[in-house]
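Shared chain: chain A. Partners: chain B in the first complex, chain C in the second.
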Partner chain A sequence: MKTIAGILFLAILALAGHRKSFVKLLPSRAGRFFFLTGTEFLLVGYLLGDSFLGVLDPATLERARPFLIVGLGWIGLLAGIQLEGKALRMFGRASYLWILLYGCFLLLFVSAGLHALLRVWFPADPHLGLAVSVLAVTALCTGQTSMALWMQQASKQKRPLGIVLQFVASINDVIAIVLFGVLIGFHQPAGGGFGLSLPPLEKLAFSLLLGTLMGLLLLMLFRARLGEADKVLIVIGLVLFGGGAAYLLGVSPLLIHLIAGAVLANFSLKSDETFHLLMRIERPLYLIFLMIAGAYLRIGAPLAVLLALAYVAIRALSQGAAGAMFLGRVFRDPAYPRAHALGWGLTSQAGIGAALAVHFHLWIAGPSPPLLLNMTFSVLLLAILFNEVLSPFGLAYVTKET
Partner chain B sequence: MTHLFVLSVLVLLQGLLLKAFPHAFSLTEVQLTLNFGFLLLAAYLFGEWTARIRLPRLTGYLFAGILLGPDVLGYFSPESVASLRFIDELALAFIALSAGLELRTQNLKRQWRLLSGLIVVVPLTVFCAIFAFLYFALPRVGSLPALPAAQKIVLAALLGTLAIARSPSSTLAVIKECRAAGDFSESVLCVTVVMDILVIMLFSLFLALAGAAEAGVPAHTGGLWLRIPAEFFLSLLLGLFLAWFMSGYVTVIRREGIFFLLCVAFLVTRLSQALSEQSAIMAGLPLHLEPLLICMSAGFFLRNLFGKGAFYETTINRSFLPIFVVFFALAGTDLDLDALRAMWKVAILYAGIRIAGVFIACHSVLALLRAPFKTRNLYGMSFITQAGVSIGLAGLIPRRFPEGGEILFTLLLAVIVINQIIGPIAFKFALEQSGEARGTAQKLPGGGR
Partner chain C sequence: MWALVYILNEDRYLTEVLEALLEIGVPGASILDSVGMLQFLSQEIPIFAGFRSILKGSKPYNKIILSVIRDQELLQQALATIDLTVGGIENGKRGILFTLPVEHLIGPGPETLGD
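Then we have the complex of A and B:
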């Protein structure tokens, strides 16, 4: 009964959260944006979780785990569908190199900063490397919802800037998902004794193959003239199947579905239609996904909050610096007079960032996960919340004089 | 061809995974993702294939369940099937809601003579035919032990009642697939739904009478005669309240209908269970509120009283195909082929008598109303389906009558297999012949093409 009550509660909150009307009550820019992106549902989940109200108790959360796997698949598919060749060629080949350099810089600086910081509290922890890697990879992610919302409200002149930001964010999201897929390859899932026993790179290759196969199946099924209900069924079926297969094989469902989505985007004439269909269902799904993730959050010691704040600061500074060094060069154009400040516009971390956090949690979940890894998950979720509050200011800074 | 190819790839992948990680398939994570996705896609693709050979898609979903289930290929163990059972609750609630939404007062008023005739005569004829058959045939069924006359009467009455049951879900699925609309399809759906409700009430009445007879107490003890109508009206009342709430949702929010309906479906099933438990604890009288009736009446009131049926009809049509497909595929996994193998002769006879009863009843009613001969046959073909409620209630027989109950349960399952295979095909044919099937290539709720 409690499980059902919990699920009902979640669903009703997701419905309420979907209504924009209650957002209008919020006066401040940051507050309004924070609520429009839906990230507040992490907090709602935390309040419903075992650490507070207890509606979502461990048993309920245990049963909700399949939902998280499906959510990861869904998010991956959505991200993949946006990787259409035409859109990716928008800024020329050189832009990739500079974005890649931006990413490498960010990875290096966040890793170095966090490694120095975490070594103070966890000097000899065997999981230090993994924790730092996960935090650094996730630092690459940028939540695109707040960006899109900002641009919706911005004047016509500022819109090209939004396109640049979304382009950089998409490329970095893909890099993050792939790197996370590689990281997964190094470790067996904590929960069970299954998963492919292959070297990491072969595991990555296997993920690519499985993702391509899923994409091809989707493509073949979508070739027929289908009604909306059929498309929903096919996508749900393949996301469930692919997510379950990924879980069983110990590979990343995000990566598999990202590839499947990319295959569909580049070989199907109906990818736009499919994207809109997925988006129609996505929001409530995403909100429930965030709530479940929030319920797993254990703030406990003030250390997690401190580390999260430090992580946010290191990431933002690295983004600002890397943006000035690399993005400012490639996107130098009269249309983007503040191109050197582009990095500040990428502070939001929800979306793929939250998905990677959940993915990490699923991966480390077991009877007694190591303290550092558990804390890494909490730090990630808290940082996502903090970054979501900060991101409107970053975006305002980038667009100030344009 | 594409569908068959994709289906083969999926079957191959699932087979490989099953072979590589046999123990992992007991995990909830795997059952609710991989297994669920596989069943959904496989059943859907099967349905597409059966549609090409002009059979109902529903038959394809059922066959997928039979083939992949524990009896044939064994891709789904009984535990895997059990883990997906929550779909049944959801699907039944949506099916009942859809059925209620299909019923329009003005049409029902126009056809009241036909409807009342069918609702009285069909159950009565089928009940009498099956009762008589079983009363005389019971001693010859399988290895059934010799039963006392009273028990023979009770069992024949219970099985006779179950023979009345139809399958509203199958009926609705075929109507939606054929995009049928008109007096014929609406009257068939209405009679089917009412007969199912009648069966639930009669079955509990006969069970209680059997209990009272065994205990040697008069049958009116326990407020039995009052309780059943009370349950019926309370369910209707709850349906009215639910319809009011749902219409309020449309007025105030009017979005995310899918999630709202999921909440409603869970709420109704759980609430009716909780109310039964609470009434048993507090008043010592377990009130059995029927979720099927609550949802159906909610749909009826939404359409005819609050005028908000269109929103829910569109939502169900657009989004619930996955639930319906898995529901029928799961029903397929339930169909017991061993039972059919063991008792096929008696089962065919039983099914034949039931179908004959239906045809005789439909002919009599429609002859009185001076309907053409062809129409009489079409109605006869429409009341063959049998599943859902019958399987659920049949499961009570071995528990209530340990002596011989298991054999009768097997017989009932075998009959249901036959009816559920023939029923949808016959009904689809009837819809096409009636001229009400507008798009036979249309998929179940909301499909394209």
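Then we have the complex of A and C:
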């Protein structure tokens, strides 16, 4: 009963909150650096969690797990459905190469920095590699909400720069989902994790196969002339099926639904309709995710805050360096002398980053999750919060005109 | 002379509506893409799928059917036909239908206006 009441309470908060969030915090000019991007609901979740009010206690959160897996599927489908070949071809092949190189170097820099840092506190921890990998992969994610809010108030001339930033962010988000799916395939945390213990390559093969099959199934079902309510039911049913299958096989629901979405986007004439259908509950779903993530958060020691600050700094420096090396080639305009530092326009880490954080927590959850992995989750969530505050300043710096 | 304006929310009915109008004698109409105010505002801030939302044409378009009809009887018939074809406009999900009086018309002759 408490679980149902807890989830209902979250749903009401999310439905009420999504209309008030996603806006500039203050209407004045001074308020241009402060946005409500939904990320503040992490704090709401933290307050609702066991640390304070206890509305979302561990038992309730445990029972909410199936909902989270379905939510991850929904998000994966949304992320995949944007990968329409026609749209992707709007940008030149060279752009993809530079973005890929940016991503590789960002991963490299963040991994090196974090490895050196975490080795100081956890020198012989067997999970060090996994913790570094997860934080490095999520460093690729960029929240696009503050970017869009910033661009909304900026001049029309800045729109091309905004489009390039959103393009880079979207591609990196997709890369992060794929890499996270691969990580899940290659690491099965001792005493934790979900699903069967299959060999890594089998997990990847299952992900690909299941994702493609689900995409084809969706394609087939959507061929019929259906009302909106029928389509919503089909999507919910399919995401439930996909989420359950992912749980059973121990593969990433985000990854398989990403593949399904991409199949639908490229072979269906109605992908636009499906996209808008999925978008309708995007905001409330996101807020529920953030609140649950916040409820999971435990800031037991100041070390988590210190590590989060260090992670934010390492990520920002790496973004600046990798961006200067490669992203300056994706966008060149003499009107924007700081466009070479495009990486700093990608500071926000919410959106897919938050979804991956929840995914990570579901993956490591168990009777006694390792300390370092628990710490990694806390560091990631705190970093998402810190980066959200920093993000408008990075955008202001990059988009400054001559 | 009246202008009939139908903002259709679900474009799957578009062909059926146009065919039905043609059948009762409405000889022509223009179709325009439009975006509702709330749709426009809510689509501007992406969370998980920014790439799709930045592309032109990704907004959820409504269809506006615009037709000028000279005969009032035909106009009433057109209103009833549209309502019947989409299964009832009054349920609020099939769009908005309204008419406006037209004072001047410069362009095609009466034969194209359903006279």
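Worth a mention:
Here is the rule we use: the second predicted complex is superposed on the first by the 363 of 402 C-alpha atoms of A that agree within 3 Å, B and C clash if a C-alpha of one lies under 4 Å from a C-alpha of the other, contacts with A are read in each partner's own complex, and residues count from 1 in each chain.
Rule of thumb we're sticking to: contacts are C-beta pairs under 8 Å (C-beta built on N, C-alpha and C of every residue); 3 or more make two chains touch, one makes a residue touch a chain.
All values reported here derive from a predicted model rather than from experimental measurement.
In the superposition on chain A, no contact is made by A:114 with either chain B or chain C.
Of the two partner chains placed by superposition, chain B and chain C are both touched by A:225.
When both complexes are overlaid on chain A, the residue A:237 reaches chain B alone and has no touch with chain C.
In the overlay built on the shared chain, the residue A:183 is in contact with neither chain B nor chain C.
Legend: residue contacts after superposition of the two complexes on their common chain; A:352 is shown touching chain C, with no touch to chain B.
Of the two partner chains, neither chain B nor chain C is touched by A:382. Contact with neither chain B nor chain C is seen for A:128 once the two complexes are overlaid on the shared chain. Once the two complexes are overlaid on the shared chain, A:272 sits against chain C while remaining clear of chain B.
Residues 225, 228 of chain A lie at the contact with chain B in one complex and at the contact with chain C in the other.
For chain A in complex with chain B, the touching residues are 1, 4, 7-8, 11-12, 14-15, 18-19, 62-63, 65-66, 69-70, 192, 194, 213, 217, 220-221, 223-230, 232-234, 236-245, 247-249, 281, 284. The touching residues of chain C, counted against chain A in their complex, run 10, 12, 42-55, 58, 60, 93.
The residues of chain A lying in touch with chain C in their complex are 22, 38, 75, 78-79, 81-84, 87, 90, 143-145, 147-149, 152, 162-163, 166-167, 169-171, 173, 225, 228, 272, 275-276, 279, 282-283, 286, 350-352, 355. Listing the residues of chain B that touch chain A in their complex gives 2-3, 5-6, 9-10, 13, 17, 21, 23-24, 27-38, 40-41, 44, 253, 255-256, 258-260, 262-263, 266-267, 270, 274, 317-322, 325, 443-449.
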